[in-house]
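I have a structure here, written as structure tokens, and I will follow up with some questions on it.
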Amino acid sequence: MAFTFTPQQELAPECEVNLQQVRQPQYGRYLEEYVPGQLFVHPRGFTFTRASIDSFSRTYMQCNPLYLDLEYAKAHGFNDLTASPQMVFNVVLSLGVQNDSEKVIANLGYYNAQFLNPVYPGDTVRAMTMVVDRKERGADKPGIVTIRTLGLNQQDQVVLQYERKLMVAYRGERLATIPVSDAPTPAFPWQETASVNLPQTTAKHLSSVPQSVTGWNTYAANFKPGDIIVHNNGRTITEEHFALTYQVGNTHPLHYDKVFSQSLSGPMSGNPIVYGGLVFAWLEGLASRDLSENAIWELGFTEGYHTQPAVAGDTVFALSRILSVDKAPADLSDLAEVITVQFIGVKNMTSAAAFEEFGADLFIKENNKKAMGKDKIPAKIFEIERRLLIKNAR
Amino acid sequence: MAFTFTPQQELAPECEVNLQQVRQPQYGRYLEEYVPGQLFVHPRGFTFTRASIDSFSRTYMQCNPLYLDLEYAKAHGFNDLTASPQMVFNVVLSLGVQNDSEKVIANLGYYNAQFLNPVYPGDTVRAMTMVVDRKERGADKPGIVTIRTLGLNQQDQVVLQYERKLMVAYRGERLATIPVSDAPTPAFPWQETASVNLPQTTAKHLSSVPQSVTGWNTYAANFKPGDIIVHNNGRTITEEHFALTYQVGNTHPLHYDKVFSQSLSGPMSGNPIVYGGLVFAWLEGLASRDLSENAIWELGFTEGYHTQPAVAGDTVFALSRILSVDKAPADLSDLAEVITVQFIGVKNMTSAAAFEEFGADLFIKENNKKAMGKDKIPAKIFEIERRLLIKNAR
Amino acid sequence: MAFTFTPQQELAPECEVNLQQVRQPQYGRYLEEYVPGQLFVHPRGFTFTRASIDSFSRTYMQCNPLYLDLEYAKAHGFNDLTASPQMVFNVVLSLGVQNDSEKVIANLGYYNAQFLNPVYPGDTVRAMTMVVDRKERGADKPGIVTIRTLGLNQQDQVVLQYERKLMVAYRGERLATIPVSDAPTPAFPWQETASVNLPQTTAKHLSSVPQSVTGWNTYAANFKPGDIIVHNNGRTITEEHFALTYQVGNTHPLHYDKVFSQSLSGPMSGNPIVYGGLVFAWLEGLASRDLSENAIWELGFTEGYHTQPAVAGDTVFALSRILSVDKAPADLSDLAEVITVQFIGVKNMTSAAAFEEFGADLFIKENNKKAMGKDKIPAKIFEIERRLLIKNAR
């Protein structure tokens, strides 16, 4: 379909400027703009490639070869390199920012995240969000909004579902944001009892994978309830995080626009804050060699809190505590265990130093400390509970 | 084809050093080394991959899903993710730097850029340049060289053509640069009346694409001549730009070599200057959510000027002004409009603050201001006129 | 294979913290943990993609189109873009760090590196290391360990073999590191007389490749023994190197963990040191336009020493000296020459300034200088001898 276009002529000098004919589009929402039951179909999809899957894993220092080594992934029954669930989480959350959280004051927590299907190269993931609850706390205080988000692939299979709580201010006199679409609302297939689809042949394959290709200390039998694992290496985050924010599709200017960050007051002002999903990803990667190198699947996580922000120049470290070791479902019961982990991030001190200094207090949720008469730990940046499917050694 | 090589032995200690047997190859050209009619076939091609197309779009914060979402691109009749024309422009210009501009003092302007064919994953683009004009302005002043550059794919289809004006110093006593090849000169298929080839099925597909996957405010009907759009978010450029320069193939040391930058005097000295193509790319991305999310094609641009340099640490913002809304050619006339936009970049103040402070003067070309008795705006970094093919809402 | 999992319940508050049930896994080895004859099968493979091959070449400013331009690579008989041997070296060394060198004090040198097979997109490379020698120098001094490493593709073809010498401290009271696997030890196919496998059709293709796609000054005939080439452009390394370290799979915290770097004393303390493989890669790229743009293959290198560390902010430059020009093996003897090059890196001064200031001393190995009564050159960061197969002009 060929079209001929006339050469482009300069037009601006002849086109009079009318300073009143102006607009400044706003994205995200203020408190009064969320209504329980509302459904946002987020714009844009995200096509995964073998290279972006690999690059994400390497950027965040992932050691599980499922996300790095095509031969290993195939030997476990996967069709191709599989995107790390952490990447899928980062992408699905980010696709929703434009509707869900581009105006929020803070992300309060992640709950009930479940990864339901693998994402492969060539898959395109889209996201939808439903507003579940809006709690007002008086006219002079920000409210609390609860949302549920789904990520779906191009066959409309749910790859991820999770809940998030947000702290949101009233709009007041500010510019209005995105109008709610009047397009017909699609179904919102949230699963109360979530079903995880792993490749048909994973169980068969698991009984024949050579062990030499992963580490010695991360089979299911290496983990007992109560084990604390101090992960040795840290990662200094650089200004790379500005670009990484939009690599996963996150549009919030708090993470890449210094003029915006410097216009804020309070704990978020100053240098751009690292998008929390990236912090979680680095912490997961730093721990992976000691914890999840032999994971077959991340089942999900809950009770996730960013207890302090991170900025470029901060060095982050991780600790894990094994909370339970449970039988895997029938077909996998001889091959793997379900391991639940309390996962903690600290910054600017090694995890060994933090363990030495704060001991058991590291493992108490920061929000519970006030009621217990304890001080918060400023070096602690993250806490969450993760549930992993980890294979047995043969 | 197997070859056996003898083990490598250390040779250096036995090989006497002759300090006279030395050379220091130079690239780029000085004023007397450009001759109108000369044709440079630039070395190296650039193979696009699905991942590099995706990564470019994400680095520069592009929101048009044609460059991010495979399903969306296919739903518009494209074979695969398509490279953003902005990426194609960055690559084609950069492939020519070694011959065209690695010694120039400044890039004066871009003119008559037209994107004639999509570039897909697996395509390899090469570039050629013809010297169109050389204007000398006296022995003590740099001259002005006008060049035309073509980007061609592996089937010799022109994907981009544009003109550039360069400010170039005389060589004088300096080392000679690249000799002109004496290989036979290929044809230079510049099109005076440019023909744009979109996929055969784009028109058919446009009548059935779901609207939910893009934003609410960027269909053709959302734009009226005279509209001014203040794009809300900025992007702080980091030292990432050193690496991004050669990601698109640009070899000029001004953009990544601090020793070189510090050896200069004048406005380009100090820290490496961000390659202008990258600045344009970030500005385009920042505006895309409000302007081009529903563009089917970038037809091209003209009268493009980098009015101030940018360095790492600068935060850039964009404004758009709609100059005209015109009928699309026959097959597309019900489906899309041709929209011409004056596109402005500022730095280190929000576009809203710049609009407030400078008003209509933002939209006057900096080079015209002296004759009008007006001062230049130091915060303004870029100005250009873009022509877009934007679809109608259904 | 679908599994239903019960919703994840918060467990941490009910799971008592036992501070004694703690471990801190260590990687790498101390002197007493290396035993000559030991074989390490390194965990994780590395799957190459067309995009990661391209991205590596662009990050390190490679100009040889074999690694950038699919059409050119195919025109030389390669199946696809081929990974640069430099990338393969970086990856294979990095895959071994966890076993070989994550606790070493310094990398002393590279020897006898030979690239034996091309690596293509979709290939997965694994690595194995054999301990060849351990030299103790007294209880208060670090020892010297010599290792041999192989990189193998998914068909068990050796793609690279090389030797490395490491300076390693005694463990003493420190935490034990990785136990040696008791899995059966595979064969270790080191080749004393190495055989290089190039594509069957390379010789045929070489006689018909158009010359315009590469530079004018890098055919075999452009190089004579004794030629010194001062490469003009430098590259300022930024904090990008933190992330690039793990992009190639290197796990040593010296390169990305400021808390670790600041805990050290001596010349490695302070800011994270750039992983030496990356320094070599940038130097190779900076020289490639003048030296290896027409190379068909990197045969290998030896006597490679990082004579000073580099950190973010340093600008690196390269010089080459031609040591010999030798006949290529039979099938290639009319088409290419084997060229051996002494290759030098300097920092924070141009290579021209270093050549001017240090002259012939630049080309003396730093470790030989003391015996010659000469001072070391602090600006010199790297020295190596490379052997290249470079094609003739037709």
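Read from first to last, the chains carry the letters A, B and C; within each, the first residue is number 1.
Everything below uses one rule, namely that a contact is a pair of C-beta atoms (placed from the backbone, for glycine too) under 8 Å apart; a residue touches a chain by one contact, two chains touch by 3 or more.
Keep in mind that this is a model prediction, so the values were computed, not measured.
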Spell out the chains that contact chain B while also contacting chain C. A
Chain B against chain A, contact positions shared by both copies (same if over half, else different): different
Chain-centre distance (mean CA atoms) for chain A and chain B, in whole Å, is 34
Contacts with two or more other chains, residues of chain B listed in rising order: 49-51, 55, 239-240
The residues of chain C that touch chain A in their complex are 1-13, 15-19, 21-27, 41, 43-47, 49-52, 55, 98, 122, 124, 126, 154, 178-179, 181, 183, 239-240, 242-243, 246-247, 249, 251, 253, 256-260, 272
What residues of chain C sit close enough to touch chain B in their complex? 49-51, 54-55, 58-59, 61, 63, 65, 68-72, 81, 112, 114, 192-203, 211-217, 224-236, 238-240, 289-290, 293, 299-303, 313, 315, 317, 321, 323-324, 328-329, 331-332, 338, 340, 342, 348-350, 352, 355, 359-360, 363-365, 368, 385, 387
